[in-house]
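Lettered A, B, C, D and E in written order, each chain numbered from 1.
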């Protein structure tokens, strides 16, 4: 299993609909698992070849065929042919830089969403494209890499709890997207904790790395927003699609999902504004600290430079300097020095620098 | 009674419609109070068990059933079953991080708003979710914690003053939301006073803490806006809902409420702009003060450094320095020093630094 | 006559429609004047009690009843009862922090606009709420304080010049709003002059107070915008209201008024952008000047600090310093000093600091 | 011919529709020229009195009556009466601070656009209002001052080239507005050259005046935008007006004009963004240069201040300073000095300041 | 072949529809190539005179006539006459500063898009206008210069792979626009790499040139956006055009193209935000570094200036300075110096400057 980045431009010039993987997580061989269920039972198995899952197309039960790894043009092509999917849609599945979207294909509904996950060290985000094909009695799902946030849905199917085993593929698709959106809440909570931590530091200990971390968080927000804004339209598109494949009973769940999506978008926007405000505050506090540093320098310099000059005067070696011979010269010079220092301190106090 | 934060992500993976509290103000046991009234009389009591309030569902009088504490899945579940509420709505009631919204459930209207209150020390804001179910002759209200801003509505019912006892549950719901919005005015006045105080300081005494306080106020504005923008749609949604549960006579009050909501939103926007302008002004004034500090340093340095050099020259111990033996050397050096100082002062005056 | 601020929150909890003054210009007793006119003549009088103006409700002539001071709940209440005005509208009239708006009340049209006036010393703005009730043959107007910008309309009625005496109460209302908008032009011209003055100063003499003045002007723009944006909708709302009280002949005038309103809004937006640009320019010019100050300091320090060190060396009192006894030491030191100064000057010239 | 500014506020209080010039380019007497043409011929003359152009109203040929100078209420009033124009429209023509707009007057179409021209010294912009009345067989045009950018249209009429002589007054009006928009391209090219010049300077020679020039250009962009945004609506308004005066054949030209207008608006927006980016770059580069200045100062000070202290020590005149008598003291001090300087240089190199 | 810039303003005043080249890449003579194909075969040739390609207008096969160089009014005019194109459209083709747009001409569809290419040295962008005329069985394409990104389309026609040979001119036009959009991905990837490189530098090695490069990239984004925003409308315009020339089978491809266009626009917007964030970070990091420089200066100055003063005192040549004769003076002075330095270091540590 090797991973290398394949850019969209590598594909420029090919005929539209040509199947070629585009992305940075190329997984050589696809792994296909099938979960087939109805109210009375369920079956879960990993198939060895793509042809093994063809029979599930026409069973009365709901079949969820999940493909991990979308780089094998051959596998995707065969699945597409069997399940009657337009080549442009297959191309979209293999090009893992899609915007989230929902499309009515007539005989099926095509949905693309992006699964966002925090890196294990908590300092970055990874996005995985999840493509769904919702048919009359099946759902095909395509992911770039194995490992996802859909585990809870599988558990619910296995456990037979809740509605999921009683309802059709549209509810299954809803449950999958809902799991993805639930994961956004998780990611946002993690990001929120990082922001709160930074904000704490901003006040008590304005370290220099804060700047870099704010910039990183801002970039992550830009990434998140790119994935989330179109998700809003995607979900509301599904809700208003009027495809016979999306049943009325599912619409109310989609509306709920739409509310969650908007909440996620709102939170990202708030985070962006908070980060901007933090950056301004940081900048101002750097200015403030510089001001303080300058004040110390200025106070010290302004006090000592003049009196250093004064003692320099009497360090001159002229033969004819009457003061040098006088009895009280030295104490008088000290008096002048102390008066000058006192005057300066008074001046700084009046300026509120002390 | 204990309070701990339960995050949305803790619930990730549960089947949609599962009842589990999400929020940071978990109150173990719910307290239920009922106010039942019509034009001729009213009854107010606290019920011990949820079943006690079931009879109020079918009375001809208007019944307001208020639940303080939404963490008991059992209580919320039973109420939901009795009053015929969709599980997803019950889930929304228990997830206290909802966006404000109004939904027509067919047999009832569901409204979520957020009650914002200033902390007792006047430096922060707390938000409590208020969920309303408006039925044909009852209003269910759900709050996270006991203690709210709805006291005046209770007083009006008790006193029998105004229209409230003569009108139905839709007017009661309006009165409750109106009380929430009235409280926003109170909160905004408090924030306005803090902003005015800061602005006063900004000019007369630009303390360093101003920066932190502006940042805090900005964050509070971001929070407020998140609660207020959707409120606008919520109220206008109620106004245009065309549900038989919202009577024509109430619409005119809702329009008035809508005007108030917009006024609140306008004020928040103005505050945000004023805070931004204050931050810019603060930044500029820090720059200004730094400029002044630098000028003092530069003036002192520029005057004294050259003449210190001069007296250093005649501090050298060379045997062959003809000037040291001359009669008028010392006065001449003083003359040069004074001329140099005078020249510098002239230079600074021309540069308008003095 | 006393004035004290009564805030909106002081009223929180009262039943909607309760009449209580909210604002900061409480005028104890209302002063009511009536101007009654038709094409053939006019009558102008100040009435002592509110009942005196009741007969004008049903005359065939156009009656303009103006109330200065809206703090007397009694007066407003009686007028409302006689002229058949909804309590919520009366409440709006007495709450002098309304957004501009136009509402069709069925038997009348209700309009709120804000009269903005420059303070006498030209450094601030005051806003007065003007509420209009347009009936079939009367216009009621309510102002917070005596003294307004409606004098020219009165003059036109008295003089019988123009259309005003020939047309109905809708034209009168138009004329009043037009006078208010005309006054905005006056206020904007004053503000424009202040901005131009500041801009002049920004270039020729960047005083420190500019910062404060820009901030003040920005705040005034925020205030103005808050009053003006909704005015746009208000006027266009009137234009499209389709109330029989707004005659077709008046629509063309309202369209003209709408153009004026947009022009005012445009100007405010331009002023805001100019102020933002001025602030940026000011900030940059402070940076620039600081840069210049720093250069002077650096040049002086960089020239004199090294040579001061040099003369310090020969000020040491070591017994064994061969140079001190040499014949040409002193001139050589001077030569070194001059060479060093020359080198520095060359360096600064190359860096373009001189 | 005298010019003085007459402000909009000078007119406040006059009855709407009163004819009084508002603007800053008052031209005492109006100059009226007529161009009358059809496919077979054309006639061009300057008329002495306004009555002379009345006969052109009813000729079958297309008559273009151009009025330079709109300050004579008498002339405008007579023309308005003869050509049947609403007094409010005449008022708009004389108030030369209008927003661009297109209005269907029923018997005519009224269009206002703004002609923008570069000042002769290339450092500012002047705006002139051009008002057009398009009638069934005439076009009235009103300009504030003589001298315009409409020469090419006159030439085309005279030369009889192109379509202009074959088509009606709507095409003439289109041609006039098109000439105005063409001139915007010219103005924008001039501004683009100034921006490019500044940008060149920003990199190679960041002079201080750049700041002022960027600010001026920004102001000009604000002015331009104020004239251009409404122009967009104006042209698209004309295109969709459905007045019988705008023939179908002209619509295609108007669509083309609309494209041009959008292109102009796009360019202005790009220029605004480029200017903002330039200002940020300038600010950053000032900071950068200040940083460099500070480094020089710090390097020099940090190297010389410690060693100056050291030589100061041995300048003290204590009787009991053993080192002063030692044989190798002087060379040792020099060694210490050189080591210290070397250490500092190493420190600065490590910090990448050198 | 010469190239000189011809500005739009050079054309001001000419009659609309006059054919004159506007742009900066004037290519004297146009080069015309024809590719004629159907499912069974294809023909490719370069024609010597414009008349040679006339016969292709009426063949049943699909003919793609490509014109490189649009400066020859004669060639464009003849083509326009033969293929029945409105003079205003021809003018648009020759004015190579068009906004992207799609227009239904009735007998044809007119599309303008902009081909963006990276300069060979990777530091700038060049834009070339591509105009398409889609007729019933031909596509005319016009480019400013020879050399384009349409090679892959030609290859597909030659190879007869994919659908292209089986479908009509609308699919050909789609393929051409798709090739242009595919090239945007390529350009954006290049820009993305430059941004990533800069970002790397921003953290590890904040060179001064970064500022200039960020500014350049921002300008390029502004340019790109100007070309891309209207492209969005262009493609969606084509999709909804309802022209019989755009067949149903092509619509699905256009929808796909629309998705790609939005993705490109999204990416440009993200890049803009990232660049803004980088500039802010850069500015803050310059401030940070300046702060550090100032701290070094202040620490050194604050430590040494006072002790330099002290040793200056004992460098004075007064006869009556009792301390100079004392036995332990010199060690005491050293003790004072060390104590002072220690105190300062303690002070700086407490201030966290060390």
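Everything that follows uses one rule, which is that a contact is a pair of C-beta atoms (placed from the backbone, for glycine too) under 8 Å apart; a residue touches a chain by one contact, two chains touch by 3 or more.
Quick caveat, the model's predicted, so the values are computed rather than measured.
**Q** Distance-wise, how many Å sit between the C-alpha centres of subunit A and subunit E, to the nearest whole number?
**A** Averaging C-alpha atoms per chain gives centres 26 Å apart.
**Q** Between subunit B and subunit E, what is the gap in Å from one C-alpha centre to the other?
**A** Averaging C-alpha atoms per chain gives centres 42 Å apart.
**Q** Which parts of subunit A, given as residue numbers and ranges, touch two or more other chains?
**A** 283, 287, 290, 294, 297, 301, 305, 308, 312, 315-317, 321
**Q** How is the touch graph of the chains shaped: line, ring, star, complete or other?
**A** ring
**Q** Name the chains in ring order, counting from subunit B in the direction that reaches subunit C next.
**A** B, C, D, E, A
**Q** So in the complex, which bits of subunit D are touching subunit E?
**A** 149, 151-153, 155-156, 161-164, 175, 178-179, 182-183, 185-186, 189, 203, 252-253, 255-256, 259, 262-263, 266, 270, 273-274, 277-278, 280-281, 283-285, 287-288, 290-291, 294-295, 297-298, 301-302, 305-306, 308-309, 312-313, 315-321, 353
**Q** Taking the complex as given, what residues does subunit E use to touch subunit D?
**A** Checking each residue of subunit E against subunit D gives 7-9, 11-18, 86, 88, 92, 97-99, 101, 103, 208, 211-212, 214-215, 218-219, 222-223, 226, 279, 282-283, 286-287, 289-290, 293-294, 296-297, 300-301, 304-305, 307-308, 311-312, 314-317, 321, 323-330, 333.
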